[in-house]
Amino acid sequence: MTDLLEPRAIGADLVRRDGELKVRGTATYAYETPVEHPAYAHPVQATIARGRVTAMDTAAAEALDGVLAVLTPFNAERLAATDDAEYAVLQGQDVGFRGQLIGVVVAETSELAREVADGITVRYEELPHDAELSADRPDLYAPEQVNAGHETDTAEGDVAAAMAAAEVTLERTYSTAMYHNNPLEPHATTALWESAGDGFLTLWDSTQGVHPDRAAVCQVFGLEQEQVRVICPYVGGGFGSKGLPHANVMLTALAARALPGRPVKLALTRQQMFFLAGYRTPTIQRMQLAADSRGRLSAIAIDVVEQTSKVKEFAEQTGVPTRMMYASPNRRSTHRLAALDVPIPSWMRAPGECPGMFGPEVAMDELAEELGIDPIELRVRNEPDVDPETGKPWSSRNLVRCLREGAERFGWSGPRAHRDGDWLVGTGVASSVYPTMRQATSTANVRFEDGRYVAEIGAADLGTGAWTILPQITADALGVDVADVDVRIGDTRYPVASVAGGSSGTNTWGSALVVAAREFRTKFGADPRDGDEASGDVDQAGQDDTHSPYAFGAQFVEARVNADTGEIRVPRLLGVFGVGRVINPRTARSQLIGGMTMGLSMALHENSAWDPRLAQVANHDLAEYHITVNADVGAIEAHWIDEHDPYVNAMGSKGIGEIGIVGTAAAVVNAVHAATGVRVRHLPVTLDKLLTALP
Amino acid sequence: MKPFAYARPGDVVEAVRDVVAEPNAVFLAGGTNLVDHLRLGVARPDLVVDVRTLTSREVTGLPDGGLRLGAATTNSQVAADPRVRERYPVLAQALLAGATGQLRNMATTGGNPLQRTRCVYFSDVTTPCNKREPGSGCSAVGGYTRYHAVLGTPAALPDPHAPETCIATHPSDMAVALAALDAQVQVLGPDGERTIPFTELHRLPGDDPSRDTVLQHGELITAIDLPVLPAGTRSAYRKVRDRASYAFALVSVAAVVTPDGELRLALGGVAHKPWRATRAEEVLRGQQLTEDAVRAAITAELAAAQPQPGIDSGNGFKIPLVARTVLATVRGLLPEEQS
Amino acid sequence: MDAEITLRVDGEAHRLTVDTRTSLLDALRERLGNTSPKKGCDHGQCGACTVLLDGDRALTCLALAVAHDGAEITTADGLAPAGELHPVQQAFLDSDAFQCGYCTPGQVCSAVGVLEEFERGWPSHVTEDLTGRPEMSHDEVAERMSGNLCRCAAYVNITPAVQQAGGAR
């Protein structure tokens, strides 16, 4: 049990500290960093999916006035470490996926850099590629582990026997599409290499973590940490894609090192991001449920098939939430991968839980229908007393409260379908879950400076509100007014911080800040002198290992389907979450509704239409890759229950950045089913899948 | 983007002369399609001749009661014009269903019908495309065909390597309404002026998919005329798309019903050109405009439709979708007792 | 090929040399150092680069700078003097109508344009009665703001912010 802070600033509805800069557009993002005399870089990409670059004709390009450098696999510097094939840019002639970086042009203007890069003739030795995922490929393999260190497979009891013996069984295959994070700010870097002494590299990079970013760059270039500074005060979104650097960062650093003293700017184009910035793998989920006639599960199993790149393995942990969500004596989860000649998948908002709560939560609705039980009731009947995976008690689990309160607020009771003029209306529900995670490294400094308290930590604000909530935590830990606290983040000059990912930022950085603040008070008392300073590490913060910490939630959807055309609208989306104590209700609500809206987007709109012949996403821009627009959004409400969790951290807070996107798509599918009778098991839910069932 | 020269001549005659003199010259209006294509490398002109400030920016009444839309009128301006809203709702609705407020403020009457296909392979210069690179083949066949044609195509799965293959659709919403309205296009060319019926402006791929329209090099659209409609005419535009706004049509329908029950019907998102449903109109001619009659007529129109297989089940869904959308649209225009 | 042009940006005249290929967006960001308009897609597909161009909202990524010689441009940074906020900006702050902030200057400029378009009585795709004056309803505002993608998905806060700034409820 940790010693919970007395909330004063915590819980206050404070306006974002970076708000004014953002509404004026004067917050500077990576590419926008004002630097002296910048040069502009544009990448060259492979146009084959597999093979070798045999020649690149760069002579004419290099001779052009205004062209500063043309780097290719044939002339680029050799990197210190090439074991991570994603980062080994321009280190060899092999092409492992279409769109791979094979060169960069640096020029005096961005127009020229692009023109020259696009004009370079490349000769290839092309090999046949293999880029089509299916569940019946003979070469599927079990990775050693899946993302975040989870076991690949788990099994308990005998699912097959339970399936054979059960009164009711359900066996279905579901699939989620390929999705691209598409933060609105493209992945971008300004890089400056100064060669004096041993050399010094400054990167203004759009990243979810300046320290992890620096660590990767140091490794690849063989530089000491003291030789690299990464700065990133503002990030135009990331949703996981900026959690670790991608190859573009290494390419920009390479370009800068070729032009010492000259700042080099490189922003991926939106189109390039579909090849180079990671994506959520498509998943195929075979679900099995066995139950008695009252709906008590006797078996739950998920077998997941997904893809990775032959260049570098990423195994999304899709099956993980099934391991702990509902009680059942017999359980199984497996992950199998197809390694293909494709771009490298990576993190996207709630990897694991987001796709992994799609199949199971639709399956629960299907089972409820089969049994004639209300889907909320079915979930309540399968509520586990302890974490079924670990056997540990929950730090707090309020799924049932969320379901019940949501039902109340949404008006769940009564028929789930009716017709309103030209519209077929239906309602649906699904559960949400997200683990409460804390990273192992993070340090914070607290200093008294000019009559104010200054906290420093290399944290990142992707729009999550860190600029605003970290002062709130620090103020309460110091016992001072939040107005007297400044927080500095987004720079490796500040103490090391973990990545803003896994909804762990507030937990991790906040815990370090609390340790530092308490240390500060212990050392300097209530009346510090100018310059007094203390630091704190997250590993000094109390950590409870005896409980299973998760946030839970319930999401409700009203879907309307046009009886003529099948067009789908979602006028209402309502979520109730148990996320511990909320530090700032304003930014928290924005995180939750943002996640829910992205879940809606996943349900109805997003789909990286994969063209296996070319091995690329056919619709690789924002006109054709649809993300939800304003007109698609009706009323979206996020509520939270009053939840006191003494086990998670000193703030009593669980992560809120990701849980909002978990379960939404299933709730939409369930609502559309209620409206039309069509169960869309393969996302997205688009009108063509409903047409044949319309009146 | 390759370098190009930019010119803003003194008037339209000079503009036409400039373009005629340079085989690789193009006109520029709002730029919302051309600049997109310049940056993608899809358009590679040597000379860009800016006509945005040269052609008319006025909507004027014609002596017979019709309206003339100057080529430089913006899509926003035309959609907001009280005369258009009152007399040609199908056009106002089509314009408002297209793109976004910002784009409509830039896009022009001359440029909109001349925007090029949104075929994803056309936009990607690393893939074969007969329209962009004549003779290179058609990547869309068997590929991502969700936004592709079902009418006016030779076959489901035409030969992707044949130089004449193209299954692209014309993406403009405005153009579908103009086709239903029997608009007339005023053109200035090197040999003077000519008028082209809007329904004859666009062409099917034929043996040259690189050409979208019948305009010759250097021919400039100066205005589009809307003919007068009989008093009591009702019209509507319905667009079905993958999100509620800011998306191109999967299918769209422009319908005009005159007081004596004549239906003029045009379809979008289904063919290489805005598709005037002449077959359906013929079937209906002289008939009472009932739901059943319309259903029979659209079924006749779609008899030749060819679904294109492809990624995510292809585009066969468009055939029933068109029929349903036509029915819903026309139903809304019928007097109460008929619907 | 270079061209010399004049732009009035946020009330200040600038004489600058641009490549004929330079977009208005790059002229602002890379030549004039005004990075208030953002680049999200460079192809008219996101709205992040929205400014007021000669009074109307427009996308600077699809405008060639040479074609707008002499234009009057207002970016989000130019809507109010330093230290003050335009009512739309204030409403965005009040409603927490953004998260990462990257789409925000474009949203703000677009909203200012939308309010002006309501003022002029312009209809939208969701206007039922095309001949009447549209109301500043949720659906009307949401449709008109749909040219500005927000990947953080602040939409449910953006729409009321625009309504608030427009004096509607």
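Which chain is which? They are A, B and C, in the order written, and residues in each are numbered from 1.
One rule holds in what follows: a contact is a pair of C-beta atoms (placed from the backbone, for glycine too) under 8 Å apart; a residue touches a chain by one contact, two chains touch by 3 or more.
Everything numeric in this text was worked out from a predicted model, so none of it was measured.
Contacts between chains leave no pair untouched here, as each chain touches all the others. Two chain pairs, A-B and B-C, are weighed by contacting C-beta pairs, with B-C ahead.
Chain closest to the overall centre, judged by the mean of its C-alpha atoms against the mean of all protein C-alpha atoms: A.
Centres computed as Cα averages put subunit B at a distance of 28 Å from subunit C. For the pair subunit A and subunit B, the distance between C-alpha centroids works out to 40 Å. Within subunit B, the positions touching two or more other chains are listed as 1, 3, 244-246.
Multi-chain contact residues of subunit A (touching two or more other chains) are listed as 111, 115, 621, 623, 628-631. Residues of subunit C in contact with two or more other chains: 19, 21, 42-44, 143, 146, 148-149. On the subunit A side of its complex with subunit C, the touching residues are 15-16, 18-29, 31-32, 34, 40, 109-112, 115, 182-186, 234-237, 239, 267, 269-270, 462-465, 586-587, 589-591, 593-598, 601, 621-623, 627-631, 633, 635-636. Of all residues in subunit C, only 19, 21-22, 26, 29-30, 33, 35-46, 48, 75-77, 79-80, 85, 89, 92-94, 96, 98-105, 108, 126, 139, 142-143, 145-146, 148-159 touch subunit A in the complex they form. If you check the complex, the residues on subunit B that touch subunit C are 1, 3-6, 8, 28, 30-32, 35-36, 38-40, 48, 50, 52, 76, 79-80, 82, 85-86, 89, 92-93, 96-97, 99-103, 105-106, 244-246.
Only residues 47, 111, 114-115, 118-119, 271, 422, 564-567, 569, 604-605, 607, 609-611, 613-614, 618-621, 623-624, 626, 628-632, 686-688, 691-692, 694 of subunit A touch subunit B when the two sit together in their complex. Of all the residues in subunit C, the ones that touch subunit B in their complex are 1, 3, 19-21, 23, 42-44, 47, 50, 53, 56-59, 61-64, 66-67, 110, 113-114, 117, 120-125, 127, 130-131, 143-144, 146-149.
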